[in-house]
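After the structure tokens below, expect a handful of questions from me.
Going in written order, the chains are labelled A, B, C and D, and every chain counts its residues from 1.
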Amino acid sequence: MIIIMKDSASARDIAAVEKILEDYGFMTHPIHGEKKTVIGAIGDKRLLSMNQILMLSGVDNVVPIMKPYKLASKELQREQSVIDVGCGVKVGGKALAVFAGPCAIESQEQFSEIARSVKASGANILRGGAFKPRSSPYSFQGLASEGLEIMYNSGKECNMPICTEVVDTRDVELVAKYSDIIQIGARNMQNFQLLLEVGKCGKPILLKRGLASTMEEWLMAAEYIMSEGNENVILCERGIRTYETATRNTFDISAIPVSKELSHLPIIADPSHATGTYKYVAAVAKGAVAAGADGLMIEVHNCPEKAASDGPQSLKPEKFDALMKELDKIAVAVGRILL
Amino acid sequence: MIIIMKDSASARDIAAVEKILEDYGFMTHPIHGEKKTVIGAIGDKRLLSMNQILMLSGVDNVVPIMKPYKLASKELQREQSVIDVGCGVKVGGKALAVFAGPCAIESQEQFSEIARSVKASGANILRGGAFKPRSSPYSFQGLASEGLEIMYNSGKECNMPICTEVVDTRDVELVAKYSDIIQIGARNMQNFQLLLEVGKCGKPILLKRGLASTMEEWLMAAEYIMSEGNENVILCERGIRTYETATRNTFDISAIPVSKELSHLPIIADPSHATGTYKYVAAVAKGAVAAGADGLMIEVHNCPEKAASDGPQSLKPEKFDALMKELDKIAVAVGRILL
Amino acid sequence: MIIIMKDSASARDIAAVEKILEDYGFMTHPIHGEKKTVIGAIGDKRLLSMNQILMLSGVDNVVPIMKPYKLASKELQREQSVIDVGCGVKVGGKALAVFAGPCAIESQEQFSEIARSVKASGANILRGGAFKPRSSPYSFQGLASEGLEIMYNSGKECNMPICTEVVDTRDVELVAKYSDIIQIGARNMQNFQLLLEVGKCGKPILLKRGLASTMEEWLMAAEYIMSEGNENVILCERGIRTYETATRNTFDISAIPVSKELSHLPIIADPSHATGTYKYVAAVAKGAVAAGADGLMIEVHNCPEKAASDGPQSLKPEKFDALMKELDKIAVAVGRILL
Amino acid sequence: MIIIMKDSASARDIAAVEKILEDYGFMTHPIHGEKKTVIGAIGDKRLLSMNQILMLSGVDNVVPIMKPYKLASKELQREQSVIDVGCGVKVGGKALAVFAGPCAIESQEQFSEIARSVKASGANILRGGAFKPRSSPYSFQGLASEGLEIMYNSGKECNMPICTEVVDTRDVELVAKYSDIIQIGARNMQNFQLLLEVGKCGKPILLKRGLASTMEEWLMAAEYIMSEGNENVILCERGIRTYETATRNTFDISAIPVSKELSHLPIIADPSHATGTYKYVAAVAKGAVAAGADGLMIEVHNCPEKAASDGPQSLKPEKFDALMKELDKIAVAVGRILL
């Protein structure tokens, strides 16, 4: 780390900082400028943190030089990770992964119909919510274990991997039993106990970006999962919170190239939650694929007017089908394929 | 709710919206303007949601007229709630509640020393972290149950109620056994399972505002806890995420009068987490009391340079003591008292 | 507009609101719900504003039902505007507009070389800054009128329209004399005097979105220009300010479909200013075209290491050339062409 | 500045960076860590900017060590500036400055009545808008020069300095002739030509913080004014743009202690524009004074229901009078006085 001293720091302040650094085993390299002194320090930040240095007299700022995540970092692994999620589907390779399905699972009949439909249009992973995090305690909270069974049945029927969210450490085992990919939702991205628990479950994890999380916090959340031995983490950009109200969230398209620069993990895009409105889903989906996303997660509902959750952002099956045809051309234009 | 039709909506669109509303038992009141039609609808939103109406042809926008929270709302209870947290301390009354202590509990010796010190300066509730949500899996995660015991001992010794955070549904019972007030941290404000679980535990809850939560989402989180029968919720403003980097978060002082307008729940301020820097804690603490906060939560550490967590935002005991003297004058100026 | 009364509003409050509305010539339509009364009001908001109603006793909220912009609105003109910017180039049609050039004009030699190069790669409009809004008074502020002449010469030489920014009402006449398209920069999007002045100048205007402007504010800024009789406004999304620091701004890709929903004006994307880093320009440029942008504005510099302004976000000519080839495929995939 | 090289930087990359730095007259101090090399560089950033270094091969990041503003910085002048604004009123001293008046000047009668009223309540500076920046071209834009005369008359009558906004470089001379303090509004904080122009006018400047400006950008805007020789700049915090919609903006109370840490310029608070609602003005005003603000700017209107602009955030004279009495006690509690 680099310690920038204040203009007004005394020689005594500077000596005190150097002494503490050396006491903790750091090598110090002071640079004396005309007005300011800067101290380069090489050592183990677990022994003495930046925060502790910041407290010392005469210190203006402390700048890190190492990234705080390691397993998720491209510095550790330069090749893009490709994650096998079952039924022959891989996320992060040349073929795009398309997760599709309703926001909430409502019945076997509803889910099966949507599943068959999205498969016919070219989706390769089924999504659906059995445990729903809803902002109101009075809203429909999901079918829970019954929903998991419904989803499992449809996955078998269609020979597609299924992805569903877990919201409680106590349910991880159950959800892992039924699903192929476990989703950590935006609201739980920093539910660290849940991250540790899914890190132990052996299934690939879809990690949504938090409502207002930085790229660094997101990769640190991936690091939590990976630190438990589970390297199969798929990032999912789903829009961030900004002042703009024309869309529910602001889809951060730059997250795609930035994540590719910083990490080897695959990244998919969720235009449904990002925009909150079916009218804008297609434009953002196409943009994400052109920008290099490894896949998409799209809400599809056969009767969005009657959806138990998030109807306005769901595409009808025919619109989803039309979108897949458009996406196919864009995928080809950027050297990818859409199965 | 109020349905605003598009300029281009046809008579058929309008009739279709009215029909669906009536099918679900709503009373409709159409208003035909020169360019637009607006439909007022009175009925039960649990049967037919705004989102479902939004999907219909010709609909431009749907506007709610009722607040989504009820138990937390001032419309339900007009008098300010006063919450008894034990040892004779009440939050929400004329006397201010001052929660003080270190970010993380490090040892019995450390905690006891700080506890005695903050009590001597006038704090009336002890705070400290046993389970720490840290953004890195490689950072100190807290002493867990050992920390709870340390805290419990100090609470007994000083005859002060203690407040500590719970981060996992599986730990609620344990934390409730040791502590007088259970804290839900910013990162778990929308961990709905945890909210439901603490709603059942019988202890007062300190509910921190989420990193980027709206006032409405915050009150909805309180509603989750209250919907399980626990009405003893204390709000805690701890800064929100903005583009500004001069402070760790941006303390939203308006949250104090806004919460008083919308809710009967008491609200306290946490200037330590809001600013992230000890230098700015006193100014924000004084501002919050002047603006009408029912109390403060302040980090105090006897040796912040060596704190295991969040040292730079902790006050040394002597600075805390000086601040309490200044706060006393402001409390009196706004008709409150600081014990 | 719709007036939502508080639960606690008295019959007298309601009558008073109705009376004032009627005094100002509004037709009122009260709807009495079980708990709340809502009043629909049809009339001229210039006579009595929403803000004035908000002040009345018992009023909870006032909701507008008409959009505040008219000339820029799709409700006024349903067909997409196509703007002729000279030299046979049109913005908003099937062919994409590609504005390219350096951030700042440094010399005739530099600008001519870049101009010839971007033309060879397929750009059809030259951009460059003669008057630069810089955040520091000590930074290079542009070559001013000398820069305009340099640009004018290159435009003639290459037979390309030129686009440059104006930052002062006193310079509008001068800038309009030399350039084909006048740019209003992000920092001046709400410099209303400047908007009115360029509204009178007769040249097409490129209107960048403000640093933290909403879609509505942006369209209102266009309305200012159009209200002076200049209908040739081209919107330019250049990233908005958020908490994320991995990129300079956050490119709001949804602004593309949202603007198409609300307005008939063409919209182009500026990935250079949005990302602030050349590494991310290509991904965002491709995403914007796939999402439906009518064009791009891209910074190109022959020697970005020595650029007087914004070097790190500029592409070298060979990278720009490679990007144009990739964009060509995406344009075709979405039914557009890149000349 | 400090150059942080990538882990993957080659010895050749490092040598190339050092060579360029030395070519531009910088002294270099390389620090070779186990994984990374860091280069400290001392020299003149006007010759070689951080941005130019960022472009070089193998460079990961460049960190500044000097603040970009100088004249506004506390490093230049450690004592708080006290600015004489006429009629014996000083801003930045022990006595608080209270700017009060209507948002827009509507008539001599209206303004005089409000002026006399706020003076009686203890305000010491008159404020009012003659040139109004309005988001809609169809809204009332102010009385322009007629408004200036009205204001001038009231200032003379009450023997109070007057403060009004200028929005166009062409009006600076006129506004400077009539007013004692010239206001630069939030939307013009980065209208650099206007900043330079008011820097030459000889009158004290009230510089509002931009809608979404950082502390650093704000101080750089002050630097623009000061670089023209006008050192009499008063900062005014008026709320920043965030995702929260319960208030019009989010009042950043931390801006008060942060500005005191970084700069010698006085800072006042505008709770009216920050909250947008009269109900929240008193709480924020009291908080700001307790946090160390040097004064307040408060909108007062004798008939806010009929105000031509911003009625809902204006206090009625009797509420303003009551607030001044409360503020008086808080001022005393923090060692200030309210005349």
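What we mean here is this: a contact is a pair of C-beta atoms (placed from the backbone, for glycine too) under 8 Å apart; a residue touches a chain by one contact, two chains touch by 3 or more.
Keep in mind the model is a prediction, meaning the values are calculated, not measured.
Taking the CA centroid of chain C as reference, the farthest chain centroid is that of B.
By number of C-beta pairs in contact, B-D leads when A-B and B-D are compared. Chain A and chain B have CA centres that are 26 Å apart. If you average the Cα atoms of chain B and of chain D, the two centres end up 31 Å apart.
Chain C has residues 212, 241-243, 245 in contact with two or more other chains. Remark: chain B residues 212, 214-216, 240, 242-247, 250-258, 261-262, 274-275, 279-280, 282-284, 286-292, 326, 329-330, 332-334 touch chain D in the complex.
Chain B contributes residues 20, 46, 49, 51-52, 54-56, 68-69, 133-138, 167-170, 187-188, 190-193, 196, 210-212, 217, 220, 223-224, 227, 241, 278, 304-307, 310-312 to its touches with chain A in the complex. Residue ranges on chain D touching chain A, taken from their complex, read 2, 4, 7-8, 29, 31, 33-36, 38, 40, 42, 63, 65-66, 75, 212, 241-243, 245.
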